[in-house]
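In the two complexes below, chain A is the common chain; its partner is chain B in one and chain C in the other.
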Partner chain A sequence: MTDADIIVVGAGPAGSCAAIAAARSGKRVVLIERGPFPGSKNMYGGVIYPRILDELIPHWFETAPIQRWVVRRSTMVLSDTGALNIDYRSNAWGQAPYNGATAYRPDFDNWISQQAVAAGADLICSTTVTGLLRDDQGRVCGVTTDRPDGNLTASVVIACDGVNSFLAKQAGLYPNADADNYTLGVKETLSLSKHIIDERFGVRDNQGVDIEILGGTSGVNGGGFIYTNLDTIAVGVVLKLSKLSAQKKRPEDIIAELKRHPAIAPLVEGGQVVEYSAHLIPEAGLEMMPKMVADGLLIAGDAAALCLAAGIWLEGVNFAMASGMYAGQSASAAIDAGNVSAASLKSYTNRLNETFVLQDHKKLRKIPHLVLSDRVQHKYPAFVTGVVERMFRVDNPTPKPGVRRIVREERKKAGIKLSELVRDALTGLKGFG
Partner chain B sequence: MTIAVCIKWVNYSGPVESDTPDERFAGFSFADQAALEWALRIAENSSDEVLVLTAGPEGAEAVLRDALSRGAHRALRIDIDLTNDSAVIARSLVGAMSQPRMVWCGDYSNDRGSGSVPSFIAAELNIDQALGLVALDLPESANASFTAVRRLDGGRREQLLISGSAVLSVEGSTARLRRASLKNTMSASKQEVQVITATGDRVETPALRPYRPRPRVTLAPVGLTALERVKHITDTSSSKGHGETVHAEASAAATLILESLRKWGYLP
Partner chain C sequence: MTIWPDISFQDRIDTSEFRIHERAHITVNDDSCRGCTTRECIVACPANLFVPTSDGGILFNYENCYECGTCYLVCNKEGAITWTYPEGGFGIVFHRT
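This part shows the complex of A and B:
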């Protein structure tokens, strides 16, 4: 008899949801986390879209440790001195059933792992899984850990060990891991009083703001973000790894530069840095996804590159929770069927294909590369802000120029060919449309 | 026989003040961990039972279970109001021990404790104490005497020969606590922790206050130049030594120390 039915590696959102789903179906589940408690080693920008939890934890919003409910979503395009901000507000998002929320990962991940414990999973912390155990036919049948006497056997292992998953690599599921597919996310958490945050961001009570930024990354391909917590704000950048190392820039310098931008400085002024953190992001979406199933093994969340980084969206937690949940359900069904081969576990990828998890990725397949392309990064911010600047500038007695003329002149000034603009617009339309 | 280890459930998160530690950031100090490790090492060479105790609220059982998973044999929590002073806490711990062969403690906890519980335990049990140990030799057999090095003020060290029953408190650097096996970690949450409720007959202690030296009458400095007056105030020109060496029996020395502390304003 195995030590457990299902071992879940990593108590991030993917792992805990996998454990909840599996434990609810009556399986003996062991959830192993390397940190001293779930969330202790985890970082992200700050906004979660937890709609998928309706299925797993009804009324989750009554107990989840939320900082603020996002009622304003903005996309900002920054040139060196200008800024175009598209801002949408809906106070309805600040009421049940809510849309997005800011939360601290040590709180959120810990809370969701406790739901797994309540469902019957055994949570083992401060324990690092160091490898996969295989039976004599090469099928995954457990894990090794860094503890004395640390092997543990199970019918199915679900690897939710996050980006750069060593387990998925060890299982041979990532044949061509390429640094170009990753970005480095870097974040400062700044302490500001709740009152100041409410005033600066135009919100009240526990209403929050999510600002995604294109440009402002000191010439390194990437993007930025600002999110509001109750009495802190998160300001960060996401930087293409290969470009960052080629340009020999320091990520903390890039955040400092972003904070000095005239459109950002008034928002972050006076904030005291209380935390600095960094983490990789699997940015390339479908282009980099590994095989997600092997005999006795499933991978979910960032480990399977299921993170959607598409400019106006940086969503990973919801994809992690959903894929984890489906992995837990499929593993459990395969055990019930008495067959945990890759073929039997395929119901997992079927489920991903049927739902937003892979459908969004497929639809937006070309977007991550488009957003991080040199043209979008280095030419479009100046072009877009140039157009808007001239549209709103009043040069009397000179009459207003037509928009078409402005666009043509600014496009030329930014060095963008019409054919390139049309091609990018079509790619964008196809992706976002 | 029993080797007792006293550990304290404390908040690791440093500057965050909280009466009930956030369980995510709580644990036991490196000094307490080292104490447990020494007890486990000694028990390995003998037939002793390692009893691990803590005085604290229910959440403190987490550190006891952790200690059990690392090899302690029995765990006991004393449910007592932690605002009691160290003497009361020590008495409640001793009441739960029954004739231990040794008592191991960390030399101080992470929550800026006074580090005085070990000496109160020694007083309650009426056995020797060796406190603030920075190095130890593992005894060769269960009842063999062994040497330990103790930290003194001014960077000095004192070597002690320990034989018979004693209370020992160690610094965190003396030993690294072993990791628990995976199986023990998995079963830790199901381990039984005995609970004793202690009422804690409160001892009223005088209110503590920050150190304020007694006011001294200082005459106006004499001297024609500013330098002379500064020298006069600061006493730098006098050849008088600072400090005095006294040879005395332990109890007389203790009385002298108390008298001096009173004279200098450290004690009311």
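This part shows the complex of A and C:
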């Protein structure tokens, strides 16, 4: 008899949802977390879209440790001195059924792991999984850990061990661990009073703001973000690994420069750093995804590169929760059928293909690379802000120039060929569907 | 003009909690580093843990590591960085409220 029916490695959003789904279908589940508590290793760039939880945790919004509900979603383009901000507000997003929320990951991930415990999973913290156990046929049948006598056997292992997923790599499912596919996220959490945050960002009560930024990353391909918690704000940057080292810029200096930008400084002024944090992001989407199924093994969440970094859409926790849930369900169904081979577990990838998890990634497959491309990063911000600056600058007594002329002149000034603009626009139009 | 409190790098790192185990979970093979001219790790590590030495090597401090994985991904010297997670319960601990 195995130690468990299903071992889930990593109690982040993917792992805990896998554990909830599997425990609900009557399986013996062990959920292993290497941190002292779930969420202690985890950080992100801002917003959770939790409605996928409706299936596993009805009325999740009554107990989830949310900081603020995002009612203002902004996309900002920064040149050296200018800023174009596209800002959408809907107070309805601050009420059920809700849309996005900000939360501290140590709070949120710990909460969701407690739902797994309530469903019957055994949660073991402070335990690092060091490898996979295989039977004489080479099928995965458990894990090794850093505990004395710490081997644990199971019918199925679900690896939710995060962006570095050494389990997926050890299983040979990850041929493309290329630095070009990853970005580094670094973040400062700044303390400010709730009153100041409310006034500065134009919100009340538990309403929050999420600002995603193109430009402002000191010439390193990437992006920035600012979002509000209840009495802190988070400011950070996401940096393409290969460009970061090539540009000889340090991550914390890039945050400092973003904070000095004339459009950003008034938002972050006076905020004392209460936490600095860093984490990798699997940025390249479909282009980097591993095989997610092997005999006795499923991969979910960041471990499967299920993170959507598509410019105007930046999501990850929802993809983690969904893929974890489907992995837990598929593993349980395979055990019930008495067959945990890769062929039997393939119901997992079928499910991902039928739902937003892979459909969004397929639709947007060209967008992550487009957004991080040199032209979008280094030429378009100056072009776009240049056009807007001239449209709204009143040069009386000179009459207004035509918009077409402004666009043409600013495009040339930014060094963008018409053919390049057309090509990128077509890629964008096709990619965004 | 400083419009927010200045923070030294050490103060920045000190905002994070690190539970330090006696085993170094990341080790650097200094011999490989001596032939390296690009030294991506030095600039990319968000905790600034890779320090060049006067004799052309690299000194690495594992204690304040965020366990992000940047160093082994940017390193182009096969075998220069050996990377594992710390023992369970150790390493970076982000804050609960």
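We adopt the following convention: the second predicted complex is superposed on the first by the 433 of 433 C-alpha atoms of A that agree within 3 Å, B and C clash if a C-alpha of one lies under 4 Å from a C-alpha of the other, contacts with A are read in each partner's own complex, and residues count from 1 in each chain.
Going forward, a residue touches a chain if its C-beta (ideal position, glycine included) is under 8 Å from a C-beta of that chain, and two chains touch if they have at least 3 such contacts.
Here the structure is a predicted model, which is why all the values come from computation and not from measurement.
> Just to be sure I read the superposition right, which of the two partners does A:30 touch: chain B = first, chain C = second, or both, or neither?
In the superposed model, A:30 contacts chain B only, not chain C.
> Looking at A:147, would you say it contacts chain B, chain C, both, or neither? Reply first, second, both or neither.
It touches chain B and chain C both.
> So, does A:194 touch the first partner chain B, the second partner chain C, both, or neither?
In the superposition, A:194 contacts neither chain B nor chain C.
> Given the touch rule stated above, what does A:182 touch, chain B (first), chain C (second), both, or neither?
So A:182 only meets chain C here.
> After superposing on the shared chain, does chain C or chain B touch more chain A residues?
On the superposition, C touches more of the residues of chain A.
> Would you sort A:127 into first (chain B), second (chain C), both or neither based on which partner it touches?
In the superposition, A:127 contacts both chain B and chain C.
> Tell me the contact category for A:390 with respect to chain B and chain C: first, second, both or neither.
So A:390 meets neither chain B nor chain C here.
> Does chain B (first) or chain C (second) touch A:366, or do both, or does neither?
neither
> Hey, what residues of chain A end up touching chain B and chain C alike?
36-37, 40, 106, 110, 127, 145, 147
> Looking at the complex, which residues from chain A come into contact with chain B?
Listed in rising order, the residues are 30, 36-37, 40, 106, 110, 122, 124, 127, 145, 147-152.
> Hey, which residues of chain A end up touching chain C in the complex?
Touching chain C: residues 34-37, 39-43, 65, 104-107, 110, 125-128, 130, 145-147, 163-164, 166, 177, 179, 182, 184, 186, 190, 241-242, 244-245, 248-252, 259, 265, 268-280 of chain A.
> Which residues of chain B touch chain A once you look at their complex with the stated criterion?
24, 27, 178-183, 185-186, 189
> Show me the residue ranges of chain C that touch chain A in the complex, using the header's touch definition.
Residues 3-5, 7, 9, 11-13, 15-16, 19, 38, 40-41, 43-44, 46-48, 66-70, 73-74, 84-89, 91-97 of chain C touch chain A in their complex.
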